[in-house]
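I've put the structures underneath this note.
In what comes next, chain A is part of two complexes: it sits with chain B in the first one and with chain C in the second one.
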Partner chain A sequence: MTKFNVINTPIHNVDGIAKVTGRAVYTFDVNLPHMLHGKILRSPYPHAKILNIDTSQAEALTGVKAVVTGKDTLGVKQGIWRRYKELCDEEILARDKVCYIGEPVAAVAAVDEDTAEEALDLIEVEYEPLSAVFEPLEAIKEGAPLLHENAERNINVTRHIEWGDVDEAFKQADYVREDWFRCSSQAHVCMETHCAVADYIPEGKLTVWTSTQSHYYIKVLLSDVLGLKENDIRVISRYTGGGFGSKFELDSAQFCSSVLSMKLCKPVKIVLSREEEFMATKRRTPMFYYLRSGVKKDGTFLAKEARVFTEGGAYTAMGATALYLTGFFQSFPYVWPSYRYDGYRVYTNTAPTSAMRGFGAPQATFCAETQIDLIAEELGIDRIDIRRKNAMYADYEVPGQATIQSCGLSECLDRVEEWIKDRGKLPPHHGIGIAAYGFMSGGIFNWFNTPYAFSSAVIQVNVDGKVDLFIGSQDMGQGSNTTMSMICAEELGVRVEDIRLHMGDTDKCPVDLGAWGSRETLMQGNAVKMAAAEAKKQILKYAAAKMSPNIVYDLDIKDRWVHLLARPERGLSYFDVVKEAIRGKEGQPIVARGHYTPHRKGMISPAYSFGVQAVEASVDSDTGKVTLKNCVTAHDCGQVINPLGLQGQLEGAIAMAAGYGFIEDLPMDEGKILNPNLVDYKILRTTEMPETTVMGVTTYEPEGPFGAKEAGEGLTNPTAGALANAVFQATGTSIKELPITPEKILNALRERNKREKK
Partner chain B sequence: MEKQVLRITVNSEYHELYIKPKRLLVEVLRDELGLTGTKKGCNTGACHACTVILNGKTVKSCSVLAIQADGGEIKTVEGLASGAELTPLQKSFLDHGAYQCGFCTSGMLLSATALLAENSKPTVEQIKEGIHGNLCRCTGYNSIIRAVKAVTEGKYEEGSQ
Partner chain C sequence: MIRDFIYLKANTVEEALDLIDQHKEDYKVICGGQSLLILMRQGLVAPEHLIDIKSVEELNYIQFDEKEGLRIGATTTHRTVELSPLVLEKFPVLVHMEENLASIQTRNWGTIGGNLCHGDPAGDPGPVFMALNGAVKIASKQKTRTLTLDEFFIDYFETVLEEGEILLEVRLPPIPPRTAVVYEKFNIIKNDQGIISVAASITLNNDGLSCNDARIVIGAAAPAPIRAKETEKLLIGEKISKGLLEKAGEKASEEADPVADIHASEEYRRHLVGVLIKKMVEKAWEQAKAQVK
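Entry: the complex of A and B
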């Protein structure tokens, strides 16, 4: 194994100093001369025809510069599904009808936010309310109100996955178990709300600063809806205040500010309020889950059947991918010789549901892991043993779907088992629950229809040895800027401080599809590594000419030292070689490109992370209150790049996923979200966080840069399931509905007591 | 609305401004003084991203009228470091990865700064209480707690490193 100089060293983020000194400029902070402020008028109805919109009074208000409605747009039904036009169903500024509370119907630009807000009250929209439907199991019924003409019974998308002979395998099973689960919604709660500053100039060029996970997607989507050429649009996103899946679709701030700016030829800024953020920026997909599993009495898994109905909300958004991924990851991380999945995404008159960290997998993992504990309990098998018996392993092929190259799952199970043993006897009312999980390292899907490589990188080595690294990936806090700088420094043989990173600007950076689906480390990482290797090759050519080594000797660069691999003491300074190399290239800096697109890697992803998590919780049997005590995670993300970043991803995922497990929810009344603020919508605070322990299990992933794979999103998968199983261990009752609130626990305990009395 | 005079000292610099009396402190800091390090996550006092120190105590600058700070001394994130020399808390935040997206970081640093000014040796429980109001969606807080704890253990004495 090569000794790394940079990789696997805990280093602070390359943009850390800017963040702790308040110098990092987010879109929220962008102020341009003569900039106007925009506000968006939103529908108060869950389902209504728009008969007329009268903007005359608003336009007459002093300080108002423009009011736009859907009629001022090209009326393009847009979406990320550029290969599947029937799934592009959202106009953003509705023209004929609205399908959820919060759907944009008009936008105002004025001299300040207060004036714009005042103008919203002066816009008169004449609606004809239509009957609405809010639950997927209602919306799919014959005769339910229809949201979209082409979607019979409100079915938006269906997904089917199948392998093996499922029906035959069930006949062979000694034990069959069926359960229904209900997975709730969740808000992303990015600390920076969605925002954009659009600046259109008479030359026909548009610049948009925005808080996004993919500047490339936003540029292309804007070109689709505005009728501009892709490269007449520049999207800038240097710092993004959180994303978690909510910021890679085109949003109302980006669209409305662009439309207003194009009308006025002035910069327009729109920042969504926290309430708008909750009501109308998409959310985690709620799911009704039916699971039927057949196993042998020794615990060997034989057959699984899953049926899912998801609450789609009013538009497709990224929900179709969540529907597919929940079906695929329902089989994870185990060997199911036969498996059948049918998923139905159903339109409802609620805010659209979409991608959120884990992308359908946390829902799948909660249901699967809860049911496995129930099966183990019924069969009298140890819960670690049943998982070990059926665990995926390296080189396993998920029939017709994916090949698992590296897999450290068994070792993760061993490590967690040891921890549980060491923990010893628990205090009363405590339980330890476990959940095993896996996740993808970037999606193979190209519904966006990009003709570009999935990730690209450009490197320029300058005369002083400083390296300009241009990447298309987006750092929204997950640390990819640091990861890419480290990969570049390691491969090229320099230090992280030698790298000048350029990102977050479509005019300057090569294309990358963005930070979603845990794709950056593997995909952008491979592109960076390729570019760095190519730059190094160019430098070594000059070194070879200068050093005239025996032709059988290889040269390399490590820590700014160009040397013979076999005789590392014989070498030259990297800085000297670069200087001479540039002279030798007619004064041209060393430039290299790298790119990555997955090929022949199945349907889903080039590589998969694995892990096992144990959650220790106590349950107060009088109040039903759950307290998290410990959360221990054994995680296989291949070769760790930055241990400090990994720990941060893991702890952050626990906070978000535990919140999903027991406190976060978006209750609604007739399509209206009842808690659209940070007082009533609870996320974990300092005092609710458990102790966290990370146990790294290192594998080598052949497809990843230096053997690395994803380490950000998959970590959200296990916690709700592990928490449910901890409650099961502590109380003997299994809760099959998220979030696991005190009320649900008390009800379950009461039911059990009643049954026991009988 | 009549504008009123506001006299405040921000990060040791004196300012005299004419503002509408309904202007919030966060707006004046960000829009009038260009101190955009102070963020706003909710505008209802629920997330504490806008925390600044006013006369030695933390306040949520989205819940204070600027005029209420008249005559006061304010410290924002921009006033923590002295030139290139970061404060012990800033250094410790870096070393412990106590930030990710960075949007809550200013408020978090100011809450922690005020906490340590009042109690230089808080227990872990007191640290948790001290920053309990500050929401963070990225880190899960434990790295922040470790960062503050490390400072209380003297690992970042002023001028060391």
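Entry: the complex of A and C
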């Protein structure tokens, strides 16, 4: 076993100092000479035809430089599912009709924000309101108002997954349980709202600074809708103030600022307000879940059937992926010999629903884990035992879908079981709930239709030994810059401070598909490792000449020391070798490339993380109020790269996922979101955070760099389910509707008391 | 977005009242700005003149006198009240209330005057001051008047303040002997605004057993904080018992007039009124009883 010098050591975020000292320039901070400010006019109707837009008064206002509507665009229906044109259905600036409240209909550029906003009031849009539908179970009915011509009964996408003989297996079951669940929506609540500064110059080139999870996607999508060549567009995203799934699609700030800038040949900045952010960007997909499970008396899982209707909102967005992934992860992290899933994504006249951290899996995990506790209770089986009995294991094949290469689930269960035992007897009205989960380490799907490798990296080693690392991945706060620097430093044999990172710029960085689907550590990490290995090989060639080992493979570099593997004390300074090597290469720096695209890795992902979480909560029986006490997570992310990063990811995930479990929601009235501000939309703050502990369970993932897997989204999967189960343990009632509010708990307690009285 | 306005700063009460008088067609007073700026940013309020009284130091004080009680100047911040040893000694309920009011950042800026004048039925100081039988001193260029807090709040975000008037101070009479005042709000995340709040002041008779006087106030349960007068009547003269608390809770939920919103239904709010009343009356009673020994 090689000892690591960098991997698995706690390294502070390489961007940390720039951020806390305010030096980090976010898109919000970008100000260019002659820059104009843009604002977007949005539909007040959930469903309406646009009969006419009169912009003349707005144009006449002093200070207004341009007003654009859908008529000024190419009218391209765009989306990330570029390989499937029928799923690209969003124009961003609507031309003929609007399908949700907040849909952009016009945009203004003016000398300042005030003027731009004033101009919005002067744009006259003549609408013909159409009847609208808001709930998927209504929208799917015969005769419901239709949003899109080609979508009969408003069905946008359907997904079917099946293995084994489900019907036969149910016949064998001793116990069958059916439940309905309802999973609510959730807003991403990034600290930095969606924003962009677009700068088009008469030479035909466009530069866009923006807050995004994937500069490559934005560049390509802009080229699709603007009619420019991909490489006449440069997208810069050095710092991104949070993403969580909300920032890898093309958004209204990026599109409208580009259209305006192309018209004016001047830079235009658009920053969405918090209200716009809530009302008119995408959000977590609400789901109605039907689950039927059949098990043997001893708790062995036999068959599961899941049916899901998701509230799609007005457009496809990344909802098709959420629909597939929720179906796939509904079977996780267990061995179900037979499984059938049918998912329906239904268009509704509400803000589109899409990707959000966990991508459909938190919903699946909440329903699945709640039901498993009910089954265990019914059968009188210990809830850890039933999970252990059916747990996935290394080399298990999910029929037709995936091969699990590494899996530490059983160990995670052991660790959490120990913790619960140590916790001993709980105070009254306390409960500990558990949930087991898994997640993918990046997707193998290429719906974007890119000819490039999924991840690439370039390394240049300079004469002083400093390393320029060019990566396409996007750090949005999750720490991938640090992770990549560490992987590079470890493989090359230098220190993290020797790495100069270049990222967030399509002109300078190789292509990477971006930070979503928990793909960076594994995919970008593999590309970086490959590039570093190649650079090292070049350096060692020169060292070999001096040190004459039997074969070059007998040499290695560790912590800036080039040495013989067998006799580490015999070596040369890395810096000296690099200098000589460059001299020997006709004065050319050492340059190496690396890339990664998954091959033959099933339908979903090259690798899967696993884990078990225990949430301890107390419930006030008078008010139904839940207080989080402890949250303990045993997470198998393969080889941990940065323990500090893991802890950060975990705590952030708990805040977000517990919020989903019992606080956050986007209630609506006729398609209008009722809490589009941070006074009424509550999120967990530090004061509500429970004690959190992460217990690393190390496995080795053959497909990952140094054996690593994801530790990003997976951590958001268990908490709502674990919380629901904690409430179940504390009160004896199970809430099947998110968020688990005090009011719902109280009503459930009353129902139960009534039943018991009878 | 906040519309442009003319910013005017007052350093004394006199200056403030003059400025208000000069711009009475279209002005708004700003102190800590914690409530007003939200309304301005949402475009709900767009004053032509903004008259800043935050630097009026003569209104920044906390004073106590055995006879008169406590006086808190309008520009005193929440944080100052929270950290005042004097307040802790004489009116501990105020410290407890402040500790649960918003975040430290908001308490550093927000003022007692601004809080009351904003007239939010979910505000914390209103119910507590009412339970403490407080009064406010109000002045305009023309006149000065004093009103009880019971008279101060009228409707959602509406108080008796007339055009040209500002609030100068809050006066809280000394707490009578054998009296305890307690306060609690129910919220889902800590330090958030209350979904329901209850302040209770219980005075016991010499015997230390029966209730001599009660002031019960419910916040966030009506367009303004309300005195639960029927509930008070029910308690006065009685000895504490489970049954009494139960009845008080029921009565108060009847007296409350809450509306449903996205945070809670009307029914749930009524239920919370009952729960909190029982809890607060019992707590105040016990604390008052402890004083008799």
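Here is the rule we use: the second predicted complex is superposed on the first by the 755 of 758 C-alpha atoms of A that agree within 3 Å, B and C clash if a C-alpha of one lies under 4 Å from a C-alpha of the other, contacts with A are read in each partner's own complex, and residues count from 1 in each chain.
Here, contacts are C-beta pairs under 8 Å (C-beta built on N, C-alpha and C of every residue); 3 or more make two chains touch, one makes a residue touch a chain.
Since we're looking at a predicted model, the values are computed, not measured.
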{"item": "Touching partner for A:656 - first (chain B), second (chain C), both, neither", "value": "first"}
{"item": "Which superposed partner A:685 touches (first chain B, second chain C, both, neither)", "value": "both"}
{"item": "First (chain B), second (chain C), both or neither touched by A:746", "value": "second"}
{"item": "Touched partner set for A:648, first chain B, second chain C, both or neither", "value": "first"}
{"item": "Which of chain B and chain C A:92 touches, first, second, both or neither", "value": "neither"}
{"item": "Contacts of A:222 with chain B and chain C, given as first, second, both or neither", "value": "neither"}
{"item": "More chain A residues in contact [chain B versus chain C]", "value": "B"}
{"item": "Which superposed partner A:531 touches (first chain B, second chain C, both, neither)", "value": "neither"}
{"item": "Which of chain B and chain C A:478 touches, first, second, both or neither", "value": "first"}
{"item": "Where chain A meets both chain C and chain B, residue numbers", "value": "273, 677, 679, 684-685, 687"}
{"item": "Chain B-facing residues of chain A, complex", "value": "10, 12-13, 15-26, 28-29, 31, 188-193, 239-242, 244, 273-274, 476-479, 644-645, 647-648, 650-656, 677-679, 683-687, 689, 691-692"}
{"item": "Parts of chain B lying in touch with chain A, wherever the complex brings them together", "value": "30-31, 35-44, 46-47, 49, 76-78, 80-81, 86, 90, 93-97, 99-106, 109, 127-129, 131-145"}
{"item": "Footprint of chain C on chain A - complex, ascending", "value": "113-114, 117, 273, 275, 622-623, 625, 662-663, 667, 674-675, 677, 679-680, 682, 684-685, 687-688, 741-743, 746"}
{"item": "Complex interface listing, chain C residues touching chain A", "value": "1, 3-4, 38, 42, 186, 188-192, 262-265, 268, 271-272, 275"}
